[in-house]
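Following this message is one structure expressed as structure tokens.
We just call them A, B, C, D, E and F in the order they show up, numbering each chain from 1.
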Amino acid sequence: MMRFLLEPVVRAALLEDLGRAGDITSEAIIPADARVEATIVARAEGVVAGLDAALLAFELVDPAVAVERLAADGAPVHRGAAVAAIRGRARAVLAAERTALNLLSRLSGVATATRALVDAISGTKAKIVCTRKTTPGLRALEKAAVRAGGGANHRFGLDDAMLIKDNHIALAGGVRAALERARRHAGHLVKIELEVDTLDQLAEALASGIDAVLLDNMDPETLARAVAMVDGRAVTEASGRITRDNAPAIAASGVDLISSGWITHSAPILDLGLDVAG
Amino acid sequence: MMRFLLEPVVRAALLEDLGRAGDITSEAIIPADARVEATIVARAEGVVAGLDAALLAFELVDPAVAVERLAADGAPVHRGAAVAAIRGRARAVLAAERTALNLLSRLSGVATATRALVDAISGTKAKIVCTRKTTPGLRALEKAAVRAGGGANHRFGLDDAMLIKDNHIALAGGVRAALERARRHAGHLVKIELEVDTLDQLAEALASGIDAVLLDNMDPETLARAVAMVDGRAVTEASGRITRDNAPAIAASGVDLISSGWITHSAPILDLGLDVAG
Amino acid sequence: MMRFLLEPVVRAALLEDLGRAGDITSEAIIPADARVEATIVARAEGVVAGLDAALLAFELVDPAVAVERLAADGAPVHRGAAVAAIRGRARAVLAAERTALNLLSRLSGVATATRALVDAISGTKAKIVCTRKTTPGLRALEKAAVRAGGGANHRFGLDDAMLIKDNHIALAGGVRAALERARRHAGHLVKIELEVDTLDQLAEALASGIDAVLLDNMDPETLARAVAMVDGRAVTEASGRITRDNAPAIAASGVDLISSGWITHSAPILDLGLDVAG
Amino acid sequence: MMRFLLEPVVRAALLEDLGRAGDITSEAIIPADARVEATIVARAEGVVAGLDAALLAFELVDPAVAVERLAADGAPVHRGAAVAAIRGRARAVLAAERTALNLLSRLSGVATATRALVDAISGTKAKIVCTRKTTPGLRALEKAAVRAGGGANHRFGLDDAMLIKDNHIALAGGVRAALERARRHAGHLVKIELEVDTLDQLAEALASGIDAVLLDNMDPETLARAVAMVDGRAVTEASGRITRDNAPAIAASGVDLISSGWITHSAPILDLGLDVAG
Amino acid sequence: MMRFLLEPVVRAALLEDLGRAGDITSEAIIPADARVEATIVARAEGVVAGLDAALLAFELVDPAVAVERLAADGAPVHRGAAVAAIRGRARAVLAAERTALNLLSRLSGVATATRALVDAISGTKAKIVCTRKTTPGLRALEKAAVRAGGGANHRFGLDDAMLIKDNHIALAGGVRAALERARRHAGHLVKIELEVDTLDQLAEALASGIDAVLLDNMDPETLARAVAMVDGRAVTEASGRITRDNAPAIAASGVDLISSGWITHSAPILDLGLDVAG
Amino acid sequence: MMRFLLEPVVRAALLEDLGRAGDITSEAIIPADARVEATIVARAEGVVAGLDAALLAFELVDPAVAVERLAADGAPVHRGAAVAAIRGRARAVLAAERTALNLLSRLSGVATATRALVDAISGTKAKIVCTRKTTPGLRALEKAAVRAGGGANHRFGLDDAMLIKDNHIALAGGVRAALERARRHAGHLVKIELEVDTLDQLAEALASGIDAVLLDNMDPETLARAVAMVDGRAVTEASGRITRDNAPAIAASGVDLISSGWITHSAPILDLGLDVAG
């Protein structure tokens, strides 16, 4: 991600950890001019993401800290692999350490979870996509981590595409009315997706014309029938409690996309640590 | 949490979702004066946390939205339980929905994970405490969620207590030197904790005097010996890859605290949804 | 627009005018408890837009000021028409006056200019759309003013749709390569538009498949040929120094959209003033 | 303008265009290491202003982009003249392009409009001054652009000088009472100007003593009489729907200043573009 | 001061005291629904200032807290006088207490110090004015406190008036050159003051014409001669280590203004406390 | 202090002084390329503090300004001593001058006042500590200045330690109940101090166990008795209208700490100025 866009997020994260007084332990104990060489090391197997944000934490605390990437976002790493080298004043490196690792391990966790789902459906044409169920404050970074893990991005917010859900349909008085109003207001570069719960709704949507359909909580057989009904006239997205176990069968139904909230809202972190050279 | 402190976090989360143009789907489809009654409902069993933040999302989007708490932070909920009622303009309710749920489900996830660990060690004197391995930007909210789940809080950042770790010891030239410098700089309301990897280090720390010791990655037997050595002269904290499975044995060692990064960095969310009345 | 999104813009505009010391003239001359009734009046014919922002200026300075809309965004007004009534403490009303009028007159100017172009092509199927050539800091407000004037919105920024221009094509090594890379990276809800300067480029784009084409600086005859080539397979947008004079001929070519930077970057304001009752 | 003061404005403008995800078109299509050499070129005749702000946009996105001024603020340029050269990573240059041009073309439009009025009254002693009818958020930049165009600045906001208008006079109960209160509260470095609609009011103001008088909406003959009445005892400012056509006659009346809202609120932009070398 | 301008300062002050976790003592000890009635009481004699800011602290923490002014800014108070009453939730009142008192006691200290100087020169025509030697972040509030104490304000910053000092004169090559350049650039509502160290410089300044002269570090006799030389052609300001002791003699020299940095940079606070009813 | 934490404070202070238009005097008079060499010089004897913040002011205005420390925070300086050298563009140096000096002289004033109290009790075991009675917005900087003056820090805010005062005790229903609730909620790294007004309260506190006691407004004899009662079981802090005169007797009572609000809320500045070389 562009450093310009990362900076406000990393700055806020640092301030949250440094508080009013900064790292009082290091300032008490470590001489001001002590220097360290450190390495960020994976403590488990996974996929790295968020290196730009993590390394920016060191640079913001002290522009004189030198950082070197030893892996790239999206790279698979094994336990023990070094992903970045950090050199600089010990106080600065330790002051940024936790913020950097919190960012890196969470975003790598998202990438690792995404990669696991992507691998589970390899050989099919389906792609794994994320949702808006992201960590408040970290959406753009998590979306980038999903890409690093081999996934694709859904819309970034409420304002960059239309996704018509059950409540919209109910309040509009039906699929047709909802779609008509959406199309009337949508700019020519705004796509419209509709969430359907039944094949009847799907038929109604297709009759009105639609860019994409979100097939919610359907079993693989129903999904296959939906895909057949759509017949290439819209992008098809399967959704609803996707796991590594059920993903292959869902992908086999022929859908274009499988969306998962789990990869952003519940992925465990990838464990990474900072090793300081003796 | 005090609303004054929550507001910047919730405001930023809303802006992230609303982008430049706001909820273009609802504005296209839903009449400006349509109103809804909605309920936030648990879709799984767990412990609720973060209600203040979640409900503030609705109020910030539209102060005229009425919110009612049906559960309190820390309350155990069953699948299907209603935790809050929301009434107001449909556009406002839907614009805030995802932000509110993202906050609530993540924080309830933290509380639920904490409660699981707390329950696992019930009957012992040990308490579950969190770490600084929190989500960037959400630390204070996650610390409150840990309390809602029955846990206790470790320090909030680098500035409100001293935690002397291996790197500090190495750069100071030993436990004694590190402790002496720490004590010289620490204000009289600042406690000092020391991370020890061996019982020899522990002996050295106790000889110098210390408020708390973090016993890192020790097995239950070593922990028990450490507790015996400490003999009430310091708070004892066990740390390192705590799980629901190994927590009881660790607690049985007699430590005062068991710290877990997992409850904040890797807890899955508690699934909650917004049901809109017909 | 949603008040939540307007507030930061209006707040910054007020701070810019009030400086450090506030309205020193009114505080010197007007008693603290003096009250006024005032009316915002159009001093020329046009279309109103930006009322939410303008009235918010009064409310932010003093929540006790009462504002009443006498016209709605998008309403055509004649010279002398009252568009809003303001009642409250004289110091507060005068402190917000210029900020409110600066917002309202500029946004109404955008709506008025848009309406003029919309009227110029009435009877054709073409729609007037805006560009990213907006006033720095006011993009979302100007986009809303364009809609109030009867126009439609292009993308809101660099991140919500892809628009492939000459530089992209040159750096990619051709239309086909550029389109292929774009399609590979674009999320399923991201549309892709391509700027073409010649009918050969258009043919190449159509062969690859494209959501929309921006036909740059073509005369009406070439546009008509382009529209015929496209034959409904993509949205067609004519662009380049659109005026009220040349718009009808361009619209007659059959394009779907005519984009104008002028309506946002060079529209004169609609003159509006605040009349204070005696 | 001082870079320190420009930075918040330019940063906000960039964020508005880059949104959450940045320039998705360029990131999809252009290799990360591709570089460009580009030139900002005038596409019409006018006066340049705002170069500092425009070039800062490139530097903020990527400090490694090299920018070179080929013209200075205030310089008259012909169609085709290069005003700045930009060299750096293609993605960075294109990400900042529109923000830079939006700032530069608007501010150059202000300078160009100012220069046109200045030229229209050359040979008289009158100066063109701006008003507070500026673009919300851009006041200081537009004031600098007015100076670049050969004009002078009126007060910057409500807090740095007193301008007593009709509403103040009415609420104070007359010119004399208003002036007396103003003088009592004004610091010794705060000047006081009074808006007068009639020569009677002018006489009253002069009797009380005043730094400057704003002669509102008077015809050239009345203005000449006003100037004679003032006889050097106050600065005289003519105001009210100034155009290039009526400005010479107004200037010939002998007023010191002619103020124009049009040069900031309704000046069309100066068309400028970015040419990327092959 | 206008609440709109106070709010950012008070908000920042509260955040500084509340930190990440808020008032942990009160939240541990005081029931959430306990209420208090409290009074802000002067513990010494002085002049009150800053009540708006102080009371806003309570309102920002909890809008339900009721505040009542029992004195006004500028009012002299005796030891034991109640200046405001506060009623509301105990946790909210105590959370805002220190921030409110820090603001109120400092600003009242400024007003009290100002009043002491004002009283010291009563009977002369001189006025006490402040300088730019104010507390970083609190300038506008301290300027208002100076007015509350009976003093007047100098310029608010570097941008609202010109003050030509020794370094400007040296870099310009003399008083005349400096004044000429200043006059050429100054807007018609910008006053120009010149600092003079000798009567020769004063003569040079008067010959060029000047709005005000700052007579720096002159003894009363020299000041009297300077006042005679000026003879009403400029405002005269005496400056330099003003104390209550030397102020009367300086005022007797006939100067218009006596400026004091001490009243803002070194005034002791006025002691005020919060008494909570039993 | 860490530059990262200083920057927001210094930036806000600069913006407050520069306003919208910046240093209009220097920009009018001083050529853009004029350079100066300047020295910050003490004009009185004292202790320096705040150099990092002061020098950052110059660097933020213009990164090309070179600053050199000639003294360190905490250094005693005599009248005439140079504490820093500044070289760079004259406009930049003068634009930052007042902000830099306002920060430096206030923080050096705090350090100087602290040092005076520290010296007054030399030879005793007592330490001087500060309070939360700091300047709004400058707390962390003033706390650092206290350390530079040889003092120690009390808690930084309401959230990093518990201090139980009379109101808490009253609302809890007694010392014991208050302490019990505090201990139940306090994290293991949070210390608890209790304010006691009488020896009876002290006895009750000691019976419950406590980290520190604030002995409020006791005379030296009572303090000595309190110290004897405590007998090393808690840190003892004397508080209440400490002056250089009464401090020695208070220190002689044997207390560990003497806290003073005066050193932060009422210390006069240390006079420092900027001398520009010819």
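Here, contacts are C-beta pairs under 8 Å (C-beta built on N, C-alpha and C of every residue); 3 or more make two chains touch, one makes a residue touch a chain.
Only a predicted model underlies this, so the values are computations on that prediction, with no experimental measurement involved.
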Where the contacts of chain B and chain F overlap, which chains show up? A, C, D, E
Can you check whether chain A and chain D touch via the same residue numbers (shared by over half) or via different ones? different
Once you count every C-beta pair in contact for both, which comes out on top, B-D or A-B? A-B
What is the distance in Å between the mean C-alpha positions of chain A and chain F? 44
When the centre of a chain is set as the mean of its C-alpha atoms, what distance in Å lies between chain A and chain E? 52
So, in whole Å, the Cα centroid of chain E is separated from that of chain F by 22
Counting only residues that touch at least 2 other chains, which ones in chain A make the list? 16, 18-23, 95, 139-140, 153, 156-157, 159-160, 163, 190
Indicate which of the five shapes (line, ring, star, complete, other) describes how the chains touch one another. complete
Please give the residue numbers of chain F that touch chain D in the complex, ascending. 14-15, 18-23, 60-62, 95
Touching chain A in the complex: which residues of chain B? 9-10, 12-13, 16-31, 34, 36, 90, 94-95, 98-99, 101-103, 105-106, 109, 132-140, 156-160, 162-165, 167-168, 170-172, 178, 181-182, 184-186, 190, 262, 265-269, 276, 278
In their shared complex, chain E is touched by residues of chain D numbered 129, 152-156, 159-161, 163, 187-191, 193, 211-212, 235, 237, 256-257
Complex interface listing, chain C residues touching chain F: 16, 19-20
Given the complex with chain B, which residues does chain C contribute to the contact? 1-5, 139-140, 143, 153, 156-157, 160
